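Shown below is the structure under consideration.
Every chain is named by a letter (A, B, C and D) in the order it is written, and numbering of its residues begins at 1.
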Amino acid sequence: MNTFGNKVTLTTFGESHGPALGGVLDGIPAGVALDMEQIQRQMARRRPGQSAITTARKEADMVELLSGVFEGRTTGTPIGFIIRNSDQHSADYDNLRHVFRPSHADYTYFMKYGVRDHRGGGRSSARETAVRVAAGAIAMQVLAKMGISVCSYTSQVGDICLDRPYHALDLAAVDSNAVRCPDADTARRMIALIEQVKREGDTVGGVVTGVIRGLRPGVGEPMFDKLQARLAYAMLSINAAKGFDYGMGFDGVGRRGSQMNDAFVRSSDPGRPLRTATNHSGGIQGGISNGEDVYFRVAFKPVATLLRPVSTFDDEFEAVTVQPRGRHDACVLPRAVPVVDAMAALVTLDLVESVSDKV
Amino acid sequence: MNTFGNKVTLTTFGESHGPALGGVLDGIPAGVALDMEQIQRQMARRRPGQSAITTARKEADMVELLSGVFEGRTTGTPIGFIIRNSDQHSADYDNLRHVFRPSHADYTYFMKYGVRDHRGGGRSSARETAVRVAAGAIAMQVLAKMGISVCSYTSQVGDICLDRPYHALDLAAVDSNAVRCPDADTARRMIALIEQVKREGDTVGGVVTGVIRGLRPGVGEPMFDKLQARLAYAMLSINAAKGFDYGMGFDGVGRRGSQMNDAFVRSSDPGRPLRTATNHSGGIQGGISNGEDVYFRVAFKPVATLLRPVSTFDDEFEAVTVQPRGRHDACVLPRAVPVVDAMAALVTLDLVESVSDKV
Amino acid sequence: MNTFGNKVTLTTFGESHGPALGGVLDGIPAGVALDMEQIQRQMARRRPGQSAITTARKEADMVELLSGVFEGRTTGTPIGFIIRNSDQHSADYDNLRHVFRPSHADYTYFMKYGVRDHRGGGRSSARETAVRVAAGAIAMQVLAKMGISVCSYTSQVGDICLDRPYHALDLAAVDSNAVRCPDADTARRMIALIEQVKREGDTVGGVVTGVIRGLRPGVGEPMFDKLQARLAYAMLSINAAKGFDYGMGFDGVGRRGSQMNDAFVRSSDPGRPLRTATNHSGGIQGGISNGEDVYFRVAFKPVATLLRPVSTFDDEFEAVTVQPRGRHDACVLPRAVPVVDAMAALVTLDLVESVSDKV
Amino acid sequence: MNTFGNKVTLTTFGESHGPALGGVLDGIPAGVALDMEQIQRQMARRRPGQSAITTARKEADMVELLSGVFEGRTTGTPIGFIIRNSDQHSADYDNLRHVFRPSHADYTYFMKYGVRDHRGGGRSSARETAVRVAAGAIAMQVLAKMGISVCSYTSQVGDICLDRPYHALDLAAVDSNAVRCPDADTARRMIALIEQVKREGDTVGGVVTGVIRGLRPGVGEPMFDKLQARLAYAMLSINAAKGFDYGMGFDGVGRRGSQMNDAFVRSSDPGRPLRTATNHSGGIQGGISNGEDVYFRVAFKPVATLLRPVSTFDDEFEAVTVQPRGRHDACVLPRAVPVVDAMAALVTLDLVESVSDKV
């Protein structure tokens, strides 16, 4: 189904080349003043055509709020919104009407539904993430009132890896370059790699690192809806995502327990009477936040759409060669960053709103 | 909440040292003959005390079916079952009543609920996974009727890594050694490492690799309930799990798209008219199975309970030193394998049962 | 939350005087040819201003489909749609900005949310049912392909009661008069009563009877999601609905079991090998359809908005007198009929799509 | 599915003649002291064999708590419990193994699942309501801490109707007679009727009236999860229930709006600054509690099991005559009262726990 969340839910709809995409964000508390410009700023971070290293498709990506806000404040009723598609170039896709592109969702949609909107990938297009970013921008405003912030950045492109941990970086610098890596030198090398890969008609993957700050202890449900499980679910639902880990993650499996445990230290903050001296755990124990920063990584594959002729099959299972003519990203990482932000914000707000555990 | 799944749901309850744990498995179709011995065989794979490299706690882990099965067959009504706790040694935990052990869930449960069952971790104990294994064993029997199988194995312990891919291994050999690694030589080295770590009073992590075979194209929901997203959610809900990836996963981010795409080849199987020559994708496109094997990895941290004195704090935030006296695993990997099997089976059955997409 | 259903879900949003209302209908199978004119015909049955006995508000109530349909057929992806508000007359409501009208939702929304859109009742307006009717019209088209139909009609207005059971009526005649009662003589008397009540500035309630035909045995979940329980839930979620019963309902409680049991008779239809000679049960046993017609009643109160001055209180709890100036129905029954149709269709399709009980 | 509720959920399992029935009650806040005797007192009110006018089946109906309670207090983890079946007399049902009794769920279960546990109705038996009563008794204890109480009583048996409204009765007298009608004279006549019907080998239906007191304004979700919609859903999920209404319900449809509106009056209670002079609405406006008492009715049919020979068909669709030999109620109303209590408590607690609407 197309609904995400339990207490705060996002339901999305829309295809890449239909009249509009949209969403319904439900469960947002009443009385929150919404800053529409902040929403559009997040949209601009995901928007195609934002820089030389992203696709040339032009979309205004204006979020049109239809309900749930009255005189600038949320009312507690569902927030419905749409985002019109404008620069569609649907004819670009006529040659793909019957084609199954390799490592795309063309074949699987066809096998599942027997019918598909072939234009730009239809529902499987990453254009759907525009709706997530809009909803996430609202969630981030609600979280901000609780002192909670979400911030993610590009930490790897191809084999170029940012080798410093998040707490050694200036996260305010994420948007200071086109690739959204807060280290200027690494960013330069990442951009050079993306430009080279683009010239080769190829694509390259990478990693986004996300950080959630300001969570009080107690957020997350201890069994299936562990904070990390909800984050993993959210992140793997993003197009092209291939992996998730948190805290020391995959890098921690080679260590000893004695190296990984986080010793407690006393704190003067009454809301979090104990802190930890290290944070190998990534801010979560038993599925529940412990008051430290939550940090995680999301792996993105190199996108499947190459700017080269491709030999493949059509829906009568005959061999064909296609030359993709759409406008595509050589590397989705810069545009994936606001999507990771959005999904992290939606998960966090959902779990924060679900907390009412003590009598 | 303590319910997993949409169409096939598992609701679990129970603490490590209460009278019993149990579950309700709902949505299982009627008319399936259940093999109780197969269920107990899966239980035996997770059971403590099964080998020299696992904890010495002795539990029969007998699954007592209470409903949903009549004359050996499922009836379509919910399958309720309990697993009695027998070898509880609750007094072992008296010294921990007021203690927050580092990197355990003691502190987070206390901050969330204000009260906790301290005995053996209570609800946060991995003993809860016994319920998952029982339910998963039933799910595996239903899947077997559809030609679908789930198999996982230990592919890394500490820095000892099985370097061959799953399709180059004999997965029938998973249970031929105590660590559940299908390569005998690697298994020997893993076991030696676990024994050494245990002698040092320390713990070590690792990786489980899972494989799902026999899925027809079309399983998985394209938006939030992508097959990989549900798997990630399921795996990160397991105690000590820190990461998940599928297909080429984190290892694929450094490659080019041209190296990663899986070219189609024609197939004579009418249910899957196209196959792929390679399977970098891990059997999923756009969240939907494409008919190839689904494979994935789950990272497990070294468990936090060391067999050494530990300095920490109590629930009045005073410094204390504790000597854990419970019986613990130096490495959870061998016992995590059947849990990964179970969660993979539950996810798969849930999504297979949800398929009714065409008119 | 604003989502209805399990397998086929409708999520709605929108206020009476915002830019638009809308919905997301998810879970509709792929490949269904949609007749847009049939959708608009259902909309016209609910539309204000359709006859002399309904409110004079004029709304085109055009359903704008935004997704989920490609070249006239459903694709299996969510169907998003909006209905623009046009004839809003928001200024009519300025005098109500701070007023709690008796027996309206003004006070309860204020107490729950602390803020409300006062214009025309905001989210609490029955205008929201336009979205349900649009979604229900789509559901009815899917059901029609399965041989299932839903039909409801006005069976009581005030104390004027249609005294014949549904099977003695020509249900094709429902729309032959303004009050949607299939008996011409009773309809005349109902209309006369509504006109009289309207002249008095008052309102009157009534009953809608609904019939679902063509259900095969086996639809409905036996425990909480009994077919009748889902219908009751759906019907009581409609504005102004006060009661629900099915089969002999409240009228059956005075009878003896020996009078009420429905004896089986053999049938030549292999899909329903037994029929019943009578149908006091209303087509359901143990929450599951038995293949007979499902029939039920929904009670609607006289709406609270009178065309008279009303003494009440404002949001500072001071006494005020208000003269409602909006345009209102003296009797909602004629316009409630398509809403009951819609909700019955959504419940039925949801439960039909959930059926996969045997292996 | 067999799970009820959103924030506070009850999952049930078990058949009439299996080893045990049980449930998992999830979402109960931590720290509530549970009175086990109060739970057993509610069980005793539903128990068979409690008086001369109920079935002679003897069941201790001991609730065995398995989890979620530590040292007498809830821990916030799921409360699992079982109720063993003891006095099963399964052989009583051998003659019914292949028989479809009229107006029972035998045929519909068979058509849905192809297999059924024929003993005592299996899962369709009203014995399942024992689980609801146990869970409801816990919910009532949590509600009591919030000043909320639930009370229901028999208001009609056959054509004998208690003609005074709930607020003119002494609800403390509900259990002062076997039929659970708080008016002694009416109760006597009801009991006489049940005894006469029983002598005739017949059954008779009736009505339960329920009252929820102490709800603050703001409980209930305004769209589909209206308080009345959730109550209707809960009540129609009870075996033999045929109808639900609230406030003036079906009796109000013949009135004028001017007679039905509830005028506000000022109140000195800061939590409910306005009260209403009358309460025709039944304490709910727009799906949300207004702070007045919520009252409702539930219609129960005469149960289908007669103590007479019955002509019917078997599962090869051949005519048979059966003589029911089980032990049955001539009137379920006395035992339905605690079930209505339980479901009302579960609905109320679920919606109260879901409230977090303002920032």
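Throughout what follows, contacts are C-beta pairs under 8 Å (C-beta built on N, C-alpha and C of every residue); 3 or more make two chains touch, one makes a residue touch a chain.
Worth saying up front: this structure is predicted, and the values here are computed from it rather than measured.
Rotation angle for the C-alpha superposition of chain A on chain B: 180 degrees, rounded in steps of 5.
Ranked by how far their CA centres sit from the centre of chain D, the chains are topped by A. Each chain gets a centre from the mean of its Cα atoms; for chain C and chain D, those two points are 26 Å apart. Separation between the centroids of chain A and chain C, computed from CA atoms only, is 39 Å. Separation between the centroids of chain B and chain C, computed from CA atoms only, is 46 Å.
In chain B, the positions touching at least two other chains are 1-3, 12, 30-31, 76-77, 112-114, 123, 222, 357-358. Listing the residues of chain D that touch chain C in their complex gives 1-4, 6, 12, 100, 102-105, 107-109, 111-114, 123-124, 128, 156, 158-159, 197, 200, 202-207, 217-218, 220-226, 228-237, 239, 241-250, 252-264, 266, 272-274, 276, 280-282, 284-291, 299-306, 308, 310-313, 317, 355, 357-358.
Interface residues of chain D, counted against chain B in their complex, comprise 1-3, 9, 11-15, 18-22, 24, 26-27, 30-31, 64, 66-68, 70, 73-80, 82, 112-117, 122-123.
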